[in-house]
Structure formats: C-alpha cells, structure tokens
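Two complexes follow with subunit A in common, the first pairing it with subunit B and the second with subunit C.
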Partner chain A sequence: MSTVVLLLFTGVGLGAIYFLVASGLSLIYGLMHVLNFAHGVFLSLGAFLGFEVASRLGATTWTGFAASLLVGALAGALFAALTERLLVQRLYERHIEQVLVTVGLGLAAVALFDGIWGTDPRFITGPAWMGRTTSVLGANVPNDRFVAILVAGLVLLGMVLFLRRTRYGMIIRAGVENRAMVTALGIDVRTAFTLVFTIGGIAAGLGGVLASHYFGYVSPLLGQTLLIFAFIVTVIGGLGSLTGAAIASVVVALLQQFANYYLWGTGDLAVVVLLAVVLLTRPSGLMGRRA
Partner chain B sequence: MTSTAPSADPRAATPPTADPVLRVRDLRAHVAGQQVVEHVDLDVAPVGVTALLGRNGVGKTSTIKAVLGLVGRSGTVELDGTDLVDLPTHLVVRRGVGYVPEDREVFAGLTVTENLRLAERRGSEHRYDLVYDLFPELEQRGTQAAGTLSGGQQQMVSLARALLNENRVLLVDEPTKGLAPRLVQEVSRVLARAAQVAPILLVEQNLQVVRDLADHAVVLTDGRSVHHGPAADLLADEELTQRLLGVHADSGPDAAGRRPADEEGPA
Partner chain C sequence: MSPSTPASGTAYRGGARAWVGRLVPPALVLLLACLPLLDLRLPGVLPGPTYTPGTLHLLALAMVMAALALSYHLLLGVAGLLSFGHALYFGLGAYLLGIVMSELELGLVPSVLVVLVAGVVISLLLGAVSLRVTGIPFAMVTLAFAQAGSVLVRRDPGRVTGGEEGLRLPTEQVPDALVGVADTRNLYWLALAALVLAFLLVSWVQGSRAGHVAAAVRENELRVRVLGMRPFLVKLAIFVAASVIAVGMGMVHLLLNSGAVPHIVSAELTISLLLMVVIGGVGSRWGAVAGAVLYVLLNQRLTVLAQAAWVHDLPAPLRIPLSEPMFVLGTLFVLVVLFLPGGLAGTVARVRRWRGRGGPPAGADRLEDVDDEQQAATTGGARR
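== the complex of A and B ==
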C-alpha cells in the first residue's frame, strides 16, 4: 500500500513538471502550429538562473527558493518572448523553417549552457523541509513533490482563468479554433502569438526550478530531455488542449512510475506504447478537437 | 448610376464607376501556389447590395477572401479610394470591412456572447441594440456554446458579428447555404435591413434572394469577372443567366440544385 501511495505522489509530482512544459507546447502548437523544439531551453535557463539566484541568496532559505522560482519564471518568459519576436514570427506560416530554427536554437543554447555552467550536473539544495519526507498512509513522500504539484496546480488555475476571463484569453481560445477568422474580425493575432510563447516560457521556467529540485540537479540537457516526454504528453492529450495536457501529464507520469517499479524499469517503453495506442485509436489525442 | 450592358466579349465588360465604396481592379489570388482568381474587376456601390454570382468553383469565395487578404493577392483593392492590397487582414477589417464567411465559422468553443465580444472593434460603436433587435434569440442564448447552436442560429451569430461594428462595406458569403426555406427568408430580411446600414457584396446561389436584394450583379467565370450590370436585367435575361450561371432565372429558391439541409442540429 505504502509503495502504491509513494508511486502515486511521485508520479503526480513528475506529471506536474511534465504539465509545466507541455502546457506551453500545446498552447503554442494549438494557436500557431509551431512545434517549439527550443521549449526545453526555456526550462533549462529557468533552472540555471534559479540555481544561481538561490545560491547567492541562500539555497536553504525559503527566500532563496521563492526568488529562484520568480527568476526562473521571468527568465523563461523573457527568453520565450524574444524567441517568438526575433525568430519564430519572422518565419510566419513557414513551418519547416520554424522547426529548423527552434531545433537550431535548442542545440545552440545547450552548447551555450555547457560553456557557462559546464556539462556536469550542478546539484541542488533547497530549504531543509523540501529535502525531508511527509508520511502519507504509511508512505514517506518527499516534500518537493507537494511543492511541484502545488505550483503546477496554481499554474493550471492561472492559465484557465486567463483563458476564460480575459480578452486575450478569448482571442487565444478562438485562435486555436480558427486563426484566420480571428484576423478577419480585425484582431492582430501576432500579439497573441507573443503572449502564448511568454506564458509557455513562464510555465517552463517554473518547471525548470521545480525539476531541478525533483531530480536533485540541473544540467544543460535537463530541459531537452524533459521536452521529449512533454511532446508525448502533448500529443496524447490532444495538441492545443490545456485540459488534455493536464490529464495526459499525470497519466504519462503515473504509467512511467508504475511500469518502472512493477514492470522491471520499462517506464519509458510503456509511455511510447501508450503513445502508439492513442495515435492508433484516437489520432487527435484524448481531448483533441479534430480527428 | 451608369452601367455597361452585358458585352458580347466577356473580357470587355467593365464595372460601373460612380464613386464606389469598394473598387477592385485586376484582382488575382493564389492559394498554395495555385491561381484561383485570374482577373476580377468589381465595384460595390455606396448603397444597396451588389451580388457576386457564378457557377460553383469559379472563384467567388476566393475573391471575397482576396479582398480581405486571407489569401495571397495582387491588384488593386480600394476602400474609399485607399488601396488596401498591401495591408494584412486585420488592418483591412479595421478600415471598416465586415465579413460573414461561407459556413459561418463561429467559434464553437466560445459562448454566443464571447463570439460577439470578440468581434467588438476598437474605435467603433458596438451596436448591440441593432444586433439583439434583429436576433433576440442571441441575447437569450448568450451563455450557450456557439458550437451547440443549430445551423440557422450559427448564421445569426456570424451575421451579428459583422453587424456589431460600424462598417463601410459588408462581405457576405453564401449566407443562406444549407438553411431551410423559412430561415432563408429570415436571413434575406436581415440582409435587407443590414444593407440600409452598409453596402453589401453578396455571394449567393439562391436567385430568389438575389432577386429580392441585389441592385447590381457581377458574374465570374473561371476566376474572371465577365459581366457587370443591374441585377434585374441579368435575371430577366434567361439566355444570359443560363449561360453565365448555369441555371434558369425562374428556377426556385434551390437554384444551384442543392437541397436545403435541415436547420436543426449543429452544422
């Protein structure tokens, strides 16, 4: 029982991190039809800058941790907005070129991070409470899982409120359905493009800081490794669907955890099999609009 | 208003020139590298309805989309004397172009109210009085997702989005397509009222609607405008309608040979 509970919390915690990456990917693809292969870089940058700030302010203090989340989110937002404005927007509707430029940016940024922080992982320390465990139904659950779940939950809530309650949110929802018609109502949809990249960057930056605590380290490849699973989550959830991304994040992470424990470490394989099954039976994903 | 008589050589046909609101010359449009509009000249008079007619697939919808900049285009598209051909779609629309697309294109996941709020343009009055007067049902169904509306109701949303703002011209693409006869009459009545507010360029297969509403007619054949003149004269000339539109002018509301779909149920 305690093993199942531990796997549940660890899985949902990992799902929270997947969601922070996948939500942005899904919104960006849904609105702009851009597969952003540089998205993992937003995460790594957030993690590294968060790590730098936390170590200067005191990595074991809550102030340091809060500052690392803030800086991670800002770094992700800024880098994402610049990526959209300077690179992606210039290649409007040229999808192959957009893929090439984001792949190139991903490679270049990883090389840059190698140069600055080295290829070896930097080990992360946080507030003492986050390194301890809490007993839930007999299972000792690491506290950083709770933090990841809480932050991802707040990000999901914030995104839903933004999409439901604001005019820009309305433009993004409409644009995911039918971008041409949005422009035909006199709306400059490019502002919405920059906005979804920025929102995706915030979530990925937060995800970077949380992932570095979850895994205990940050390395230049952290983001791009998580990106692979985030893409799978996005496809399973349905490209463009935030709810789909949330559900699929948890499903994929739980499957991965349980398969790793009970099926001899075959978690990654199980995820790929799930992807294949979903693509064969529901090609538009769990919550995708079009078949 | 002067207008040229239908010419024996279609290519010699030229539109009337009496200070049109919308003046289109030598419009060409391409979609995915393929030329879909070859050479279209047309004028939309400052008042009334100008019908854009032609057989299926001659480029009527593409012409409308090219005016808006929704497809690649070249030529001249002047609104009140200013050329808009180099402007992106949203700036064309902000100059005062209302658009009711073929197949309605309401945002299915947004509520009726959200569809209308999205259409609100800055710098324009928002005429909810007019819209809710024409379509009282939309006020009652404000919180309903537009995707759950019937085809006729979705057409109301689409028309309402265009009528909400002050426009210089309305581009309305097959508004009665797939609607039951009762709803065709309803849409026709709304368009007559809308035409009092702004001139309309109307793509319409239902010749009875054209007869009721249109003052002028432009006919396309293979991506080219081949006829300009009073709509009544065109429809009175059986040989000409047969040749240009492929239908008898006196045929019923279902002139294009389509059956009106049931108006109930989402489209």
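== the complex of A and C ==
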C-alpha cells in the first residue's frame, strides 16, 4: 500500500513537470501549428539561471528557492519571446521552416550551455524541508513532489483564468479554434503568437527549476530529454488542448512510474506503447477535436 | 537529355552540355574510386593525404552519411514526410547485424540478408502505425518510436547491445579484407559502392510510379484520393524503401567503425540528417549528398578547431561558441533556413537562372534539373 501511495505521488509530481512543458507546447501548436523543438532549452535555461541565482542567494534558504523560481520563469519567458519575435515570426505561415528553425536553435543552445556550464550534471540543493519526506498513509513522500504539484496546479489555474477571463485569452482561444476568422475580424494575431510563446516560456522555466529539484541535478540535456516525453503527452492529450495536456501528463507519468516499478523498468517503453494504442484508436488524441 | 525546344543554337548547345552533364557523375565516382591510390592533399579540408587511413575513414564516413541523407531525402524531399525517427533504422541495421553475427554465429552475407528482412518487417509495422497521422503529429510519433529504440539500446535488457559502451564488431565473422586499419581502403570502396547503390535506388524509387504519386500526395493529398489512389499505401512504400536503405547504411557503418554506439540510434542523429538535407536543399538528390559531405567535413574541422591552442587563448565570449562544433553548425542551419530557402541546391539553381536569363528554357539543361527546380519551387511555394 505504501509503495502504491509513493508511486502515486511521485507519478503525479513527474506529471506536474510534464504538464509545465507540455502545456506551452500544446498551446503553441494549437495556435500556430509550430512544433517547438526549442522548448526544452527554455526549460534548461530556466533551470541553469535558477540554479545560479539560488546558489548566490543561498541554495538552502526559501528566499533562494523563490528567487530561483522567479528567475527561471523570467528567463524562460524572455528567451521564448525573443525566439518568437526574432526567428519564428520571420517565417510566418511556413510551418516546416518554423520547426527547422527551432530545431537549429535547440542544437545551438544546448551546445552553448555545454560550453558555459559543462556537460556534467550540476547537483542541486534546496531548502532542507524539500529534501525531507512527509508520511502519507504510511508512505514517505519526498516533499519536492508536493511543491511541483502545487506550482503546476497554480500554473494550470492561472492559464485557465487567463484564457477564459481576459481579452487576450479570448483571442488565443478563438485563434486555436479558427485562426483565419480571427484574422478576418481585423485582430492582429501576431501579438497572440508572442504571448503564447511567452506563456509557454514561463511554464517551461518554472518546470526547469522544479525538474532540477525533482531529479536532483541540472544538465544541458535535461530539457531536451523532458521535451520528448512532453511531445508524447501533447499527442496523447490532443494537440492544442490544455485539459488534454493536463490529463495526459498525469496518465503518462503514472504509467511510467508504475511500469518502472512493477514491470521491470519498462516505463519508457510502456509510454510509447500507450502512444501507439492511442494513435490506433483515437488519432487526434484524448481531447483533440476532429476525428 | 535536352527538353524538346525549337531547333536553334541554344538547343544544340543544351544538348552538348547535357552530354557533359551526364558524364560528370561517372567521372566523379571514378575519381573517388582512385583516391586511395593517389596522394592528393587538401589542407584545411582533409586531415591528410588521400591515401592515409584517417582521411579515407573520414571520406568513407561522409559517403555513408550522404547515402543516409539520400534515404532521408526520399521521406522529406519526395514524400514530404518530416520524420524524427530515421536514426532508428540506421541503428537497427548496425546493431542487428552485430547481434546476428555474434549471437547466431552466422557469416556476414547470411546475416546481412536476415537484417534486411527484419528491416522490411519492422519498418512496415512501425510505418503503418505512424502513417495514421500526418504532418507534425507524424514527426512526434516517429520521434517516440525512435526514442523507444534508443532507450532499449542504452538499457540493454537482453545483454546484447553493450549498453552505453556500445557494440563491438564480431570480427571472426567478417572477411579479413574488411577488418583492420590497413584495410581502410577496402571499407572506403565499400562505402563508395554503397553510396552509388543508394543514389541509384533513390533515383529509381523517385522516378517510379510510387515516387510520382508520393510527390503528388505531398502537394495535394485530397486530389490524389479523388483520383482513386490510396496515399497511405504509397507513403508506406516510400517509408519502407527509405528505412531499408537506412538499414543497409547502418550495416556499412558498423563495418566502417568496427562497432556501434548508442549515438547512432538517437534523435540527435536524425536531427543531423535533417540539417544535412536542409543545408543541401530539400528536394534535390545532389543537395542531400553535398549537404551530408559538408556537414561531416565541417563537423570534423570544427572539432579540430575547438582543440586548437589559439582558440583556448580567446576571451570567453568568443572561446565558448567556437569550441562547440554543434553551436556553429546549429547557427549555420538557422541562417540557411532564414536566408537561403532551397539550401545549396536552390542557390545553385537560382544562380544558373540569373546567368541563363534571356535564353528560352532558362536553366533547364537537363531533365533532372527541371525536376529538381520544379520541386524546389513547388515545395518552397507550398510553404510560403
């Protein structure tokens, strides 16, 4: 029983991190039809800068941790907004080229991080409470899981409120639904493009800081490794669907954890099998529109 | 082969140029075949004289990658399928050949046949699943399958792939002529033969009915359906053909490097294929070859540059980017995508058009050029 509870919390915690990456990817794809291969490097940059700030302000203090989250989010947002403005927007409506540009940026940025921070993982320390465990139904759950779940929950709430309650959120939702119509109504969707990239960057930057605590290290390849699972999550959840991304990230992460524990470490393969099953039965994903 | 133009001086000249054009590829192959016997030096491009094993190995690697890029061209350039999992088949060829030879103790030739059959079966299965979606979802699905393969190879559940260490070539099953540093020239000739074979195969597939229908599907799938053809089967055929060529190149790569490492199954390898094809020019066979050769040579030179003493003395903002080959290649790639649509092949075609402006069928000296140019124009146009 305690094992199941531990796996549940670990799985949902990992799902929270997947969600932070996949939500941005899914929104960007939904609105712009761009598969953003540079999303992982937004995450890595957030993680690295968060790590630098935390180690300067004191890695074991809560101030340091809060500052690292803030800096991670800002770094992700800025990097993402610049990527959209300087690279992606120049290739307006040319989807394959847009993907290629993000691929190139991803390669170059990972290499640059290698050069700056080295290829070896940097080990992370957080506030002492984060390293301890809390007993839930007999299982000793590491506390960083709770933090990841809390932050991802807040991000989900914030995104939903933003999309439902604000004018720009409405434009983005309308753009995902039918971009031609939004443009025809005289609304400049390009601002919305920069905005979804920025939102995706914030989520990815937060995800980077949390992922570095979850895994205990940060390395230049951290983001690109998570990105592949985030891609799987977005396809399973249905491209462009925020709810789909939220559900699929938890499902994928739980499946991965349970398969790793009970099926001899086959978590990654189980996820790919799930992907194949979803594609065979529902090619547009769990929450995707258009059968 | 000159296009049928009214009888005039231009047409005659076009015919003569076409003859020269047709002689260039065999002559190039002949020259490449003679390289191990010659003492040519290209300082700054090649690490040493052409007869040395180091240079031959680098050239052979460039040719294997060129052949692999050609198979990727079938997917991206002909069928318009953006796959992020092509490395899976390359790695499959290399690893499976090694495993079949060491575990089943078969000789080289029967092992190659076994691996080719396995390649057909696996690519049929995975292709049939991935082609249920198109466009960007297809990219993600192929990426996921390749990732599963990469995880399998690294984790090594059956104790056969050697995990992170990689797989060693079981030399006892391989003829002596293909083993050892002194025999690099034989491996070089093998790689050259593989490249020529791949080029002929790719040209054949591209020119076949399936190739034409695949190109039509790339442009307008609905129209092909309306004409009563089945795009799925055609795309599957192209996918299997490209995958089997990749399997074959993986086997040559295993022999060439006397082993296989997990990197060759990774997404990074597929991404570097994408770089080669795009830098060379999507839709052009010569572009794919040129892009691959440029990529391999540049990667090697940049790695050497990264270790150069003068780079180490530079201040950090210059030293760090210069000592990371992938940073330079990635940036180059972004610049090509932004400013050189059509890559090397597209640029060459454009320069030719400028020079030939005024003459009736400008720039169209050979049918192949017409084909490539039209493709470059249409794919470019479709994306614009």
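Going forward, the second predicted complex is superposed on the first by the 291 of 291 C-alpha atoms of A that agree within 3 Å, B and C clash if a C-alpha of one lies under 4 Å from a C-alpha of the other, contacts with A are read in each partner's own complex, and residues count from 1 in each chain.
The definition used in the following text is that contacts are C-beta pairs under 8 Å (C-beta built on N, C-alpha and C of every residue); 3 or more make two chains touch, one makes a residue touch a chain.
The structure presented is a predicted model; accordingly, all values stated were derived computationally and were not measured.
Looking at the shared chain after the overlay, A:A192 reaches neither subunit B nor subunit C. After overlaying the two complexes on the shared chain, residue contacts for A:E177 are found with subunit B alone; subunit C is out of touch.
Within the superposed three-chain model, A:A276 lies in touch with subunit C and out of touch with subunit B [touch as defined at top]. By the document's definition of touching, of the two partners only subunit C reaches A:V235; subunit B does not. Contact with subunit C, but none with subunit B, is seen for A:L105 once the two complexes are overlaid on the shared chain. Note: no residue of subunit A belongs to the subunit B contact set and to the subunit C contact set alike, using the contact criterion stated above. Residues of subunit A touching subunit B in their complex: 167, 170-171, 173-174, 177-178, 180-189. Against subunit A, in their complex, subunit B makes its touches with residues 68, 70, 88-90, 93-94, 99, 101, 105, 107-110, 114, 117-119, 121, 161, 165. The part of subunit C that touches subunit A in the complex is made up of residues 82, 129-130, 132-133, 135-137, 139-141, 143-145, 147-148, 151-152, 155, 157, 267, 271, 274-275, 278, 320-321, 323-327, 329-331, 333-334, 337-338, 341, 383-384. Subunit A contributes residues 29, 33, 35, 87, 90-91, 93-97, 99-101, 103-112, 114-116, 228, 231-232, 234-235, 239, 264-265, 268-269, 271-272, 275-276, 279-280, 283 to its touches with subunit C in the complex.
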